[in-house]
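Here come two complexes built around subunit A, the first alongside subunit B, the second alongside subunit C.
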Partner chain A sequence: MTGGETIPIRESSDVIRVRAEVRRLAIGLGLGVVDQTKIVTAASELARNTLVYGGGGHAVLEVVEGKGRRGLRLSFEDHGPGILDIGQAMIDGYSSGRGLGLGLSGAKRLSSEFEITSVVGEGTRVVITRWN
Partner chain B sequence: MNTPAINALRSLIADDGGTLLDEWLLSLKAAGGAANGRVNENELRTQCRDFLAALQGAFESDAPTDTHTAAYEPVTAILDEMSRSRALQGFSPSETATFVFSLKHPLFARLRRSSKDVEALGDGAWALTEVMDSLGLHVMQVYQTSREQVIKRQQEEISELSTPVVKLWDGIVALPLIGTLDSSRTQIVMENLLQSIVDQEAEIAIIDITGVPTVDTLVAQHLLKTVAAARLMGADCIISGIRPQIAQTMVHLGVELNMVSKASLSDALALALKRTGRMVVPRPIASKS
Partner chain C sequence: MDRIPILKLGSALLVTIQVDMHDRLAKALEDDITAKIMTTGAKGVLIDISGLDIVDSFMGRMLDTIASVGRMLDATTVVVGMRPPVAITLVELGLTLVGVKTALNVERGMALIGISVDDFEEVDRHDGG
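Showing the complex of A and B:
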């Protein structure tokens, strides 16, 4: 595992920065153009969730190794209100805001591994991994 | 701050016969503060001389160690000007800050020579360090602010990049989207499109997203809203330029763009022409023999 890169997410231009960095890492990892697009799009969804629903936070991007392969692991963490019902939040089309309600569930489908933990009143953490 | 230390500061520049300026310039150049000749030699000399004169004035004030007093205004004014112009010329932070920090060496050397005992040297060194560090921080602050202004201006310029709606044929307009679609820019783009649908009496609007690197749910939502609004204005939209990787990603994301889409802008134009009752045919060859 190489040292992760932390990017604060405080305004919408930070979402663009997260996307650019994820794309750069994905290219460096040798991911194909489809996988690149998938992980970048997933990162875009989660970074925007961190900003819009979590009230800002940060992303940690790292290259990980396991079972003889390499992957990109992205963690998004905020100290926002948290998610009361994760099961409901993962349903396609459900949004507590005004979005399409596909960000979280879509990001899961775009990743190899997906993990979400949330404590109401403390914040939310989503970790996704895309293996090469 | 005790009086000996203040007196030590005061005598530092006051006793100078012009050698301090030369020593400073030497130290400045050695540290890369002249940025490999990017700063004009005479200009640099004038800048340094003015700065020393201003600093001497400040040292002779009532509180020479407090750089926030009115006495330091001429000093900080010179630093402001220097930092700002260097930031705009693309100097690195260290090349800029060296202007102040390179003066430390000759000043400390003088202080050591003029101090009678260790205690005086210690006090003087502390007073001088305080002043120089504070001025150095000021330089960095101004440098940073100037850089931020540059970035902000560039951001504004980028967001103002017009997203023109082009007329392809009578009743057919196209909107080639390029770059990132954030909310404020999308709003402008959408208004432009709707206005030109009115102006051009367009029946069909082609939105080409070849130049959009990432289509996430927010971008999809913007597209859906634009298409819905155009439809209310009586125009049908065709989305073109969805690249294979974007198409696959959108399917995984679960986004359904319930609208007509074509792989390329030319396919979309062909469809638009067909829908408006036109066709493009090869010109018949005049004579066959």
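Showing the complex of A and C:
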């Protein structure tokens, strides 16, 4: 596992930076263009959630190794309001705002592994991994 | 804030997105296109996204909204040049963009709109084709 890179997410241009960095790492890892596109899209969704619902936070991007393969692990963390009902938030089409409600569920489908932890009043952390 | 230019091409509008857009820029583009449909009475809107290497749910919703508003104003919206990996990812994301017409390139998009085909026939005639 390499050190990892932390990107603050405070405004909508930071989401672009996350997309660009994830793309760069995915290319470096040797992911094909479809897999690159999937992981960048998932990252874009989660970074936007961190910004819009979490009130800002940061992303940690790292290259990880396991079982003889390498992957990209992306963590999105905020100290926002948290999610009361994670099951509901994961439903396709559910949005407490004016979104399409496809960010969390879609990011899960676009990743190899997906993990969400959220505590009301403390914040939210979503970790996704895409193995090569 | 930068804005993405909207060109008028006969009775159609042509928008070419060449940069990765942040959400505010995408929203501004949505507002600009719908305003321009009204002021120009355009019958078609071509949005060339061949320069985009991802479309996420925010941009997808923007395309959908432009198409819906356009429809109410009697303008057909065609999204052209979507890259295959983007299309594959959109489907997996759960976004099917059913209300949005798509075409492989601008010329086919023009044909789909139907109204500015004249302009192309003009060019063809000059070319002797």
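Basically, the second predicted complex is superposed on the first by the 132 of 132 C-alpha atoms of A that agree within 3 Å, B and C clash if a C-alpha of one lies under 4 Å from a C-alpha of the other, contacts with A are read in each partner's own complex, and residues count from 1 in each chain.
Methods note: a contact is a pair of C-beta atoms (placed from the backbone, for glycine too) under 8 Å apart; a residue touches a chain by one contact, two chains touch by 3 or more.
Predicted, not measured: the structure shown is a model, and the values here were computed from it.
Looking at the shared chain after the overlay, A:V127 reaches neither subunit B nor subunit C. Shared contact residues of subunit A, touching subunit B in one structure and subunit C in the other: 12-13, 16, 19, 23, 33-34, 36-38, 40-41, 44-45, 48, 92, 99-100, 102-103, 105-106, 109-110.
Contact residues on subunit C toward subunit A in their complex (touch as defined above): 20, 22-24, 53-58, 60-61, 83-86, 88-89, 92-95.
Against subunit A, the residues of subunit B that register as touching in their complex are 155, 180, 182-183, 213-218, 220-221, 244-246, 248-249, 252-255.
Interface residues of subunit A, counted against subunit B in their complex, comprise 12-13, 16, 19, 23, 33-34, 36-38, 40-41, 44-45, 48, 92, 99-100, 102-103, 105-106, 109-110. Looking at the complex, you find that subunit A touches subunit C at residues 12-13, 15-16, 19-20, 23, 33-34, 36-38, 40-41, 44-45, 48, 92, 99-100, 102-103, 105-106, 109-110.
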